[in-house]
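After this come two complexes, each holding subunit A, first together with subunit B and then together with subunit C.
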Partner chain A sequence: MEFIYYFGDVFTPMSFMLLLGGTIGGLILGATPGLSPTMAVALLIPFTFQLEAAQGLILLGAAYTSTVAGGAVSAILLKIPGAPANIATTLDGHTMAKKGEGARALQLSFLASAVGGIFGVLLLIFLTPVLAQWALAFGPSHLFWLAILGVTVIGTLDSASVVKGLLSGCIGLWLATIGFDDIMGAQRFIFHPALGGGINIIAALIGLFAIPQVLTMFAKGRHNTGAEVIEVQRHSIMAAFKELFSRTRALSIGTLTGSIIGLIPGVGGQIAGLVAYDQAKKFSPEKDKFGTGHSEGVIAAESANNAMVGPSLVPLLTLSIPGSPTAAVLLGGLLIHGIFPGSDLFDNHPDVAWTFINSMLIGQVLMCIFGLYVAGLAARVAQVPQSVMAAIVLALSVFGAYSVQGSMGDVYVMACLGIGMFFLERFGFSAAPLVLGLILGPIAEANFIQGGMIADATVGKASYFMTGGLNLFLIAVVLASIAYSVWMELRSRRYTTKEEAQA
Partner chain B sequence: MKRLIAGAAMALTGLTGTAMAEEYPERPIMMMVSYGAGGATDFQARIVTMTSGNEDALGMPIAIINKPGAGGRVGWNWFATQADPDGYTLGAYNVPHFIAQSIKGGVDYSTDSFEPIANWGADPAVFVVGADSEFNSMDDVVAYAKENPGKLTVSGAGLFVGHHIAALQIDKAAGTKMAYIPTKGGGAAAMKAVIAGEVMGGINNLSDAFRAQEAGNVKILGVADLERNTFLPDVPTMMEQGLDVDNSSVNFRGVMVPKGTPPEVIERLAATVPEMFANSRVSKKMEAGGSPMHIMTRDEVIEMWAQRQQTLNELLAGL
Partner chain C sequence: MNRSQHVFGSGLVFAVGLWVAWVSYTQQPAEAFLFPRLIATVFVVLAGWTFGKAVMGLSKVGNGVTRTMFVNMLPGLTITLIYVFWAAKTLGFYTATTIAFFILLSIYDPAPHNEVKTWIKRGIITAVFVAVMYGLFAMLLNVYTPREILF
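After this line comes the complex of A and B, so read on.
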């Protein structure tokens, strides 16, 4: 309960100003395509040079929480996921916005973010020592199985056909091999110097999601714009509250999945949203509505990606190991003030540690308030005529891809992937499984190689990967997931043949 | 029209050429770091350049731009082939990383592609084991490695980086064969493997290991440098423990420019930058962050690069 003692520090004028500034700035940065939470935090580090340690961390913590949530804005309104965390949000969120329900989608996403986020930070406050052990429990073999578990999700994710889902997943896995392999240094498929570092995930996201949509808009021409103006429905915040808490299943699945996956160093943030979306879909009685603008999808994805924020800092704060790129940047923010995460932080600088954690808690609430405020206004984006919209999205995409690391190479990669995806979509493939392959490929590969090397030196591959409680548990979940997909596929097939027979 | 543009372009280059000699720098400078934001190199680069806007330094701020990927190869490739040699694009180097990579091939750079300006830091590699490990000295480690050839798993940040080179040197000096496990995700992932007990030991940066030891997670058994380090006065060097391991694996970090940068610009930078590093604000922040400083002038760095080139050529020849 020590944290309550330090709550006062968050509300000193200077700290609160920074918290407000960080939250609002974070929302704007998060809503800008290409500016991932990691980048936003890195951009703010120089400002913290001049501040005291606690104040600097308040700024960084507020920016981290609100950029993750802000990413939902561009994901829902423009179908550009600002970061891997927001991929799942586009699936139902953007469909809702297209139906004129943008305000509802945004309100739900910010409310779900706040619920998930607060739960995550509370976990960080109360269970840190326990969670630290859990984070360490995942070695190379477990991370490998976890990535395979992710691969089993690919087939059922946002795709009419399992085969097409798996195929686009394979394309993603192949794209992930491009570049210098990080472990061995081997060069793979580098046809152009811009590919040396592999395909940048942010540039790929923008290309795969935004560009096909831009091309579709352009393809329609500008003759019939008048006919397509969408009426943006107003939506009261109270109604959003009620809806959120009537969807408790999606909300709790999202929050729990996000918190658990967020803990695992190196994997968490990127796939939390997608895994939560998939789980929510599997447990929902209204499975078929997912992907058609169903609010459960938005709630699960957004509560998961904010729930991951708190737990993702556990390895950093307790063990001094940054578990995610954003945590690595925060580590820099601590070191610059001469504070070492770990026991030093909580024993000798409790004011800094608890003020930082508290500010993330308050930051979630502020983020939610500002998010709800802008939701109504931002939803009007849908009224912009399509031809104008296409130009704006295209400009934002180029800007976003370029700003990732100031390189035109990423813009070319984005354009090529986008054009390729445009044609793939014509054949019924979708972007989400492809991106999942792109994210999971390197995780599975690196951990397999690394685990294999450790196994060869010690107990041998078979017993390294196939024995031990956690390994067996993960393998069981993988098998269950595959069995479930097969069963669903068979059932729907029997269903359709019956219908066809009747017809 | 084309001719007009060409003429204008030539006039412009002429203009900037003369202006540069007179008062460089006249606009903010960019410094490329070939690792991601938040990494040790990025973090230190931001600290040592924070006073560059002062009148007694360059008088212009230095902005850091990250070009991470493939263990630094992406950034250095870009720096060697695409960066403008006009003095407004600086780069951070990591020795022995980029030299070892150029020896192994597949990249567009070597020591001849760059002109060093000054060195700011030296982060030696250290041997770490988990806090509850049975190993208490390098002797224990070597004894185990001799009894169990190929069974002692040791993590490090990747192949052909300082950690790997230190492992090769230990093997060569002790006549052992350890199983070196390169991790993806740099020193942090390698350290996690040690703390979680996935591997029996690890080679890591002194600065990171120092932090982990402060947090009570690891024991540091030896430093791969010529002298003991001020951060760890109680930890003996490898040589003190009878292993012939010199400072080849020490991770030197500093500033360089692309080949072809005008000599007057190099001169100005070489004169100013080491003094900028010596600023007391810089050294205070570096020390607080647990990052060992080691300032070297341009001439000293040229000599150090040449030495590394030679030792690494010999060490990596057999691989």
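After this line comes the complex of A and C, so read on.
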């Protein structure tokens, strides 16, 4: 119950203002198609340099929470999901809006998001300290395998091709080795002076998540969103409350599904929303109404994608393994303040850890309140031409990358990685495992070297890294995640081939 | 996506993998390259597999870059490259941002190009945006960006 002591810190004027700003800004950014939650959080990191660690994290956490919920606005009013997490919301939400029930759909969406989100953060509050203490038992070999696990799980589950996902992770691990070696001081892969200090994580994150989006917007040409905002009629909030709690089956399915999926590294909000929607449909006596503007569809999808947010941070805060690309960006936000997640965070910086987590709890309530008022404005912002968005994101990326260390080298690295990532994505590679490799590379290498030294003095490298219960368990999970993804890929290919043959 | 694009993309990644492996296994001190060697080995195997599949025409994942996409993107990409690698440092961040933002807006804005009103609108959006950027970065965050020959 330690978290209760730090509730007051969320309500200091500066912290609360940042929470409010992050929530409202996140709602608007989330509603804008093409601006993903990960990119929004990455672009915000430079604004946290001048803030205290807890305040910086409050801003990033608020933006993360509300961008996921904000995506429902454009999904319902424009039929364009603001983020992949909101795809399932369009199925019933937009149909409700077309029937003149837009306000009802939005109210149910934000209320369900808040219920799911609060449950997810409570899970984060109660699971994290226990797991952080458990993580104290981890030695270098376990931390090495955990880092590898982080890269392989996201590489295999987040990519359409297992091999390309793992290859993206390898590219990220290699990029992390560029610069001077920590132990011998040797130069590694420095083929340009801008790389002398290695690749700055924040500049890389901005480039890898923002620049491909900018180029994708350019690639659409002189394109209008073409979507008309559906006018919203008034609807009683109390009626929405009553309806939400009369649909407890959909709400609990969404909340539980989202929370469980959030705990699995690499799975993400898109899967959470779609799985919850599918399960709510299966268990509903009114399954025929799904897809025709049924409120249970909106409730299940939105409670799931916000319930996923809190648990997705559990692996990050306990084991330093980001469970999602956005969690990886948040890790970057922690590292720039010299704070390392895990037991160190809860033992030496409990104020930072608990203020951040508490702010996410308060943020869910603020997101619900302001979501209902900001929805109309957010839908208008979502209609802003993509040319304006692309130019804004490009300029923010350049200024953001420069402000990390006041170096043009970081701007060049940001641009090169971003342009390269755009083409790699077009060839089937994925940014998430590459980012995870870049972030977890130094952790993996430091523990590989440290473990190697211990092994040389004791049992030898092979025994040290490949034996012991926990090592074997982690290796088994790495192999299982790869095997599962290969099986899924082969199965989907078989179905595709059958469909092609029938066609 | 056509086969040649798959071959080109995966071939480039394979070439980088081979270079990483060559550097890792030839540079000294060997201890500093222990971890890169481990990565390079996996990198080359996976990149070789991907390249082999592409050559045999078995690569399916990835949409590639269509001609229309590339043509649409080319002006924006060119301006981005000039802005990042030359103008920002030479002209100054705010001047370069103003010019790049206005040009990008003019090229990609779906509003008609033959109306004075739309040009005024683009000018106002650019001015407001650069003012906000100046307020945020120069005044609020105290980031001193290169000012160089202009501003």
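As a working rule, the second predicted complex is superposed on the first by the 268 of 503 C-alpha atoms of A that agree within 3 Å, B and C clash if a C-alpha of one lies under 4 Å from a C-alpha of the other, contacts with A are read in each partner's own complex, and residues count from 1 in each chain.
Everything that follows uses one rule, which is that a residue touches a chain if its C-beta (ideal position, glycine included) is under 8 Å from a C-beta of that chain, and two chains touch if they have at least 3 such contacts.
From a predicted model like this one, the values you see are computed outputs, not experimental measurements.
Look at A:Leu319: by the touch rule set out above, it reaches subunit B but stays clear of subunit C. Contacts of A:Phe49 after superposition: both subunit B and subunit C are touched.
When both complexes are overlaid on chain A, the residue A:Met367 reaches neither subunit B nor subunit C. When both complexes are overlaid on chain A, the residue A:Val411 reaches subunit C alone and has no touch with subunit B. When the two structures are aligned on the shared chain, A:Ile264 is found in touch with neither subunit B nor subunit C.
Once the two complexes are overlaid on the shared chain, A:Ala395 sits against subunit C while remaining clear of subunit B. Contacts of A:Met39 after superposition: subunit B is touched, whereas subunit C is not reached. In the superposition on chain A, contact of A:Ile183 is made with both subunit B and subunit C. The residues of subunit A shared by its contacts with subunit B and with subunit C are 46, 49, 183-184, 406. For subunit A in complex with subunit C, the residues that touch the partner chain are 46-47, 49-50, 160-161, 163-164, 166-167, 170-171, 173-174, 177, 181, 183-184, 186, 188-189, 214-215, 217-224, 385-388, 390-392, 394-396, 398-399, 402-403, 406, 408, 411-412, 415, 419, 423-429, 444-445, 448-449, 452, 493. The part of subunit A that touches subunit B in the complex is made up of residues 38-39, 42, 45-46, 49, 136-137, 139-140, 179-180, 182-185, 187, 193, 196-198, 265-266, 315, 319-322, 325-332, 335-338, 340-344, 405-407, 442, 446, 450, 453-454, 456-458. By the touch criterion given at the top, residues 36-39, 42-43, 46-47, 50, 65-71, 73-74, 77-78, 81, 101, 104, 106, 108, 150-153, 158-160, 179, 181-185, 188-189, 191-193, 195-196, 198-199, 211-212, 214-217, 285, 287-291 of subunit B touch subunit A in their complex. The part of subunit C that touches subunit A in the complex is made up of residues 1, 5-6, 9-10, 13, 16-17, 20, 23, 27-29, 31-36, 38-40, 42-43, 46-47, 49-50, 59-65, 68-70, 72-73, 75-77, 80-81, 83-85, 88-89, 93, 97, 100-101, 104-105, 107-111, 125, 129, 133, 136-137, 141-146.
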